[in-house]
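Look at the two complexes coming up: chain A is in both, with chain B in one and chain C in the other.
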Partner chain A sequence: MTRRTGWQRLGLGLAVTVLLAFAAFPLLWMGLTALKPPSEIFAWPPRLLPEAPTLSNIGRLFAQTHFVTYFKNSLIVSTAAVVLTLLLAVPGAYGLTRYRFWGRETIAATVLFTYMFAPIMIIIPFYIVMRTLGLANTHIALVLAYCAFSLPFALWMLRTFFQSIPIDLEEAAMTDGASRFRAVIHVVIPMALPGIIATGILTFILAWNDYIFARILISSDNLKTLPVGIADLYNASVIDWGMIMASGLLVIIPVVIVFSYVQKFLVAGWGSGGVKG
Partner chain B sequence: MQTRGLPGLLLVLPALLLLVTLTLYPVGYGFWLSLHAKHSLFPQQTFVGLDNYLYLVNDPEFWESLRIGLIYSVSTIALQLVLGVAAALLLNESFFGRNIVRGLVLFPYMIPTVVAVILWKWMLNNQFGLINFGLVSLGISNEPINWFGRSYIMISLILVSVWQFFPFVLLAVLARLQSIPTELYDAARVDGAGPVNRFLFVTLPQLASVLFIIILLRSIWMFTKFDTVWLMTQGGGAERYIRTMPVYAYLRTFNYYEAGMGAAVAIVMFLMLVVAATTYFFLFRQEDQL
Partner chain C sequence: MAEVKLVGLEKKFGDVSVIHSINLDIADGEFAVLVGPSGCGKTTTLRMVAGLEEASGGSILFDGKPVKRLQPKDRDIAMVFQSYALYPHMSVRDNMAFSLRMKGVSSSEKKRLVGFAAEMLGITDLLDRKPRQLSGGQRQRVAMGRALVREPKVFLFDEPLSNLDAALRAQMRIEIKRIHQRLRTTIIYVTHDQVEAMTLADKIVVMNRGHIEQVGDPLTLYRRPVSRFVAGFIGSPKMNFFPAKLLSDESGLHADLGDGIRIEMPRERDGVYRPYAGRSVEIGIRPEHLLDDNRLIDSGAIAMDVTIDVVEPLGSTSLITFVLGGTSYTAIGDIALMRRPGNKVRLKAAAKDIYLIDPESGRVVHPADNDSTMIRLAV
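Entry: the complex of A and B
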């Protein structure tokens, strides 16, 4: 590494500041607005920091809207989607890496091909199918939709992960008398755990963030998930900016928590094709 | 050694079944639906053959949705690529606090679209928005700009979309940059290559394969993007002017209640993607990619 001159350091610092201001400042501004009383929200000229920070916006959100119900619904649906996706994808990806069978490569290629199917293409027939099955306006329909949408990348990511685990380890366990199942449970799964957790987190984020499936499949207010609930709150009448910004702040908190875990894996390079969208 | 055999297929089968019933079947059903006249809420349907498609050929709204959709996707993809690659090169340099910056910059991509939209609707607000405050006090604009009116809505939409999705490009490029052997740069330095030449002749060729995939995926996703476009344009008075193809498919189905026609728009969109992706693939694919 060559040492930088003063001008180069200044230029680098400036560029990083501009990038941060563009990417992160809007989020910070949302958080600050959420903590301001109305008089400061509409102050002109606007001030950066709240003079009298308040939680009243969050209080109104809890008392006057169904935010808590939406939050609970989002949590239920996203967690169920993660569990179902992993239950299907972990054995599936293991099968795709450790066994040789007719059509294996075709299956892997088909999985990639499903990237072409945008939600808007699937949602119209999907909605009609769910209505025929009597599942429209249920959380089950949402969980199935998210699972179907996460499976391709979940299989793809876990496959690369299983491929990186040396098969010798399983074989060693099996020559020591363990069954294949036990070898997988005690040797392979622990080694693949970071990958499994990361896949689960990306599935969670996909389900947590989705708007279109929830918009079309859910009609009852008490079944709505957060993105639809917030969009409706915004469209309702006179916009209560403090409350809307508070809802945005609370929605991204779970994302921030789980994302700080996967970030290092993402930057390290695998599965950058991860989340769809 | 890999075991030959059936157990592998059995392990994949449940996942495969779900994919077939919930993804492939709806796509097939959508195609079948596009051959019918069907109200979105009632079960009756009449077979009309290719009538829906023939109608679209002469439908000015359809061609307008294609035009708007292309303007939107091409401009957002180009800007995402430039910004994403530039940011990746920057964050590949070593400096104090680099890991935190890397984490923060990825956030726009991880948050729900609805949050991205409401926070930008606040930033761009006519009366109280920070952007208009900045523009007016710096004297760039004499009066606050109506960012959601007809003349500026496309610019606002592109801004929000690029903000939301450039971290994807950044992420993929940064990961690839980290795996370029430093010897290549040392060799180029010995040969007297400056920073620009090092980028053009060392970095760029190394990035070719990852850029190939990024452009493919981002094109598919931007061309079919629904939520950002829909949420950004609703309620600003300019909805009519920003109907991309996915929005048009949605409107046909859920506002006009013509499920068959909506499905036809979606199928045309899909076929265009398949043709474009295949052409792209054969034009630009090099050895050992994918």
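Entry: the complex of A and C
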């Protein structure tokens, strides 16, 4: 690689700064606004840093809205969606990798085809199915929706991981006295763990951030998840921007924590899954 | 330990038959080596014995009991894979103890068995390492240790040494042989390397295109190969096959190799060779029996005058390549003679070391066991 000249480095630095500002500034503004009293939020000229930082926005969020309920609902639904998706995708992807059966390659190839449909096209039929089953306005419906939506991607991603695990290892475990099931539990799953974690995270983020399914499938206020709950804050007669920003801040915190904790798995997972060794 | 019997064993992939009804008996405690070129079906056969590949027909018996329907885990076997197949997320100790964990063996017993196997293979100081921290040779030892710990009825080895360098391979060969001498467990060993087969086996099974060509102890295969394939496969360098015409005159039978080269056939074999008189045959002579040597061989020696094409010194001897009728052949030379390409030399072979091959059937025409040339061999 050739060494960059001073100008090239300056240009690169500038480009990175612009990109970073473009992406991160709204987040920064949101975080700082959450800590400003209402009078400062609309102050002109606008100020970046709060003059008198306050936690009153967060306090109002907890006291006057069902934020805690929404948060709890989001956590339950997202976690359940991750568990269900992985429970189905891990054996499914394993089967698509290891068993020879008619149509295997076709299934594997067309599984991603489902993403050709926008969620909005699926949601109404899905709602009708849920209503018929008596599951409309329940968390189960949401979990099923997230699972259905993330399953193709999860299958596709995990299949790549399973393919990268040499079959010899499984066969060695079987000649070592393990049943196929135990060979999978003791050898295949530990080796595919980065991939399983990466898939779980993507499912979690999809479920955590979803607005459209939750909007249509859930009507009771006490069952709403965060994105819908927060959106409803706009519907009040007086829009409390400080509170909305505070809720935004609290919504992204768990995602940031989860991401920073599992980042190494994610990178290892994407790297090892992508390259067949 | 177990006696292994394959009866009419077959394997088909769809309509393609890859193993054609083979029969094989391996005695309790025997070291059997399946050898053959790639694609001959040796690994498929081994995998069927292991239960990793489903047999399409026939049966597999361990001590007389059919095991074909048993899962690999229930066959009481241990297998060493070509790739070693060590579990990368486990330490060497956990790799070796894996089968014991599956069996639910107590931890004190686990410790004892792993310790015993590790000591036998000299890997005690590696027990806490991960496979990625080991060299190829060490990985190979761990893979063997994992199999040893299991104390199985049958050990299965699938080309275990093919990823090692030549020096390490020779060393591991000795270790495998030593382990077998100590444990006397039945071993089925797959390799494409005939040197490995010759040095390790009690019994060699030569396979070709899904058939068993010949089964026998190494020396029998070397001395009395049944077919051109076995004759060419066993022995290094490969046996020379000279196309010839078998002719008869008042002095007896002789083979005309062209270029004025004539090989007298031993009189003792007149009876078995006579039906081929007047026909095209192949004359097989191993390089180590075709010598450029000034010493006399015996009264029945045959000779051929050739021009040297290439000389490869090996230290104690040299390999001499010469060309007849457009085909290269090999002989062994005395290094002290300092041969050079272009030299004309007289190669000699003892009459007993000549093989006659029927080119139509590919069979080697052997004299009867009481043939005097063969008796000389056996001494």
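The definition used in the following text is that the second predicted complex is superposed on the first by the 260 of 277 C-alpha atoms of A that agree within 3 Å, B and C clash if a C-alpha of one lies under 4 Å from a C-alpha of the other, contacts with A are read in each partner's own complex, and residues count from 1 in each chain.
Going forward, a residue touches a chain if its C-beta (ideal position, glycine included) is under 8 Å from a C-beta of that chain, and two chains touch if they have at least 3 such contacts.
Given the structure is predicted, the values throughout are model-derived calculations rather than measurements.
*Asks:* For the combined arrangement obtained by superposing on chain A, do chain B and chain C clash, or do they fit?
*Replies:* Chain B and chain C fit side by side in the superposed model.
*Asks:* Could you look at A:A81 and tell me whether it touches chain B, chain C, both or neither (first, second, both, neither)?
*Replies:* Touch partners of A:A81: none, neither chain B nor chain C.
*Asks:* Output check: A:M191 vs chain B and chain C. Expected answer is one of first, second, both, neither. What do you get?
*Replies:* In the superposition, A:M191 touches chain C alone.
*Asks:* Measure off the angle at the C-alpha centre of chain A toward the C-alpha centres of chain B and chain C in the combined model, and quote it in steps of 10°.
*Replies:* After fitting both complexes on chain A, the angle is 100 degrees.
*Asks:* Under the stated touch criterion, which partner chain does A:Y94 make contact with: chain B (first), chain C (second), both, or neither?
*Replies:* first
*Asks:* Which of the two, chain B or chain C, is in touch with more residues of chain A?
*Replies:* Of the two chains, more chain A residues are contacted by B.
*Asks:* Would you check which partner chain A:N209 touches, where first means chain B only, second means chain C only, and both and neither mean what they say?
*Replies:* first
*Asks:* I'd like to know which partner A:M30 touches here: chain B for first, chain C for second, both or neither.
*Replies:* The answer is first: A:M30 touches chain B but not chain C.
*Asks:* Classify the contacts of A:C147 with the two partner chains as first (chain B alone), second (chain C alone), both, or neither.
*Replies:* The first partner, chain B, only.
*Asks:* So, A:L169: does it touch chain B (first), chain C (second), both, or neither?
*Replies:* Touch partner of A:L169: chain C, not chain B.
*Asks:* Compute the least Cα distance separating chain B from chain C in the superposition and give it as a whole number of Å.
*Replies:* 8
*Asks:* For chain A, give the residues common to its interface with chain B and its interface with chain C.
*Replies:* Common interface on chain A, chain B vs chain C: 171.
*Asks:* Report the residues of chain A in contact with chain C in the complex, numbered from low to high.
*Replies:* 166, 168-169, 171-179, 182, 186-187, 190-191
*Asks:* What residues on chain C touch chain A, complex-wise?
*Replies:* 50-52, 71-73, 77-79, 81-83, 85-89, 98-99, 102-103, 146, 150, 156
*Asks:* Taking the touch rule as given, give the residues of chain A at its contact with chain B in the complex, in rising order.
*Replies:* Touching chain B from chain A are residues 1, 12-13, 15-16, 19-20, 22-24, 26-27, 29-30, 33, 41-42, 44-46, 88-89, 91-92, 94-101, 103-104, 107, 111, 114-122, 124-126, 128-129, 144-145, 147-149, 151-152, 155, 167, 171, 205, 208-212, 216, 226-228, 230-231, 234-235, 241, 244-245, 248, 251-252, 255-256, 259-260, 263, 266-270, 272-273, 275-277.
*Asks:* List the residues on chain B that touch chain A in their complex, please.
*Replies:* So the residues of chain B touching chain A come out as 1-12, 14-16, 18-19, 22-27, 29-30, 33, 87, 90-91, 93-95, 101-115, 118-123, 125, 128, 130, 133, 137, 163, 165, 167-168, 171-172, 174-176, 178-179, 213, 217, 220-221, 224, 226-227, 231, 234-235, 246, 249-250, 253-254, 259, 262-263, 266-267, 269-270, 273-274, 277.
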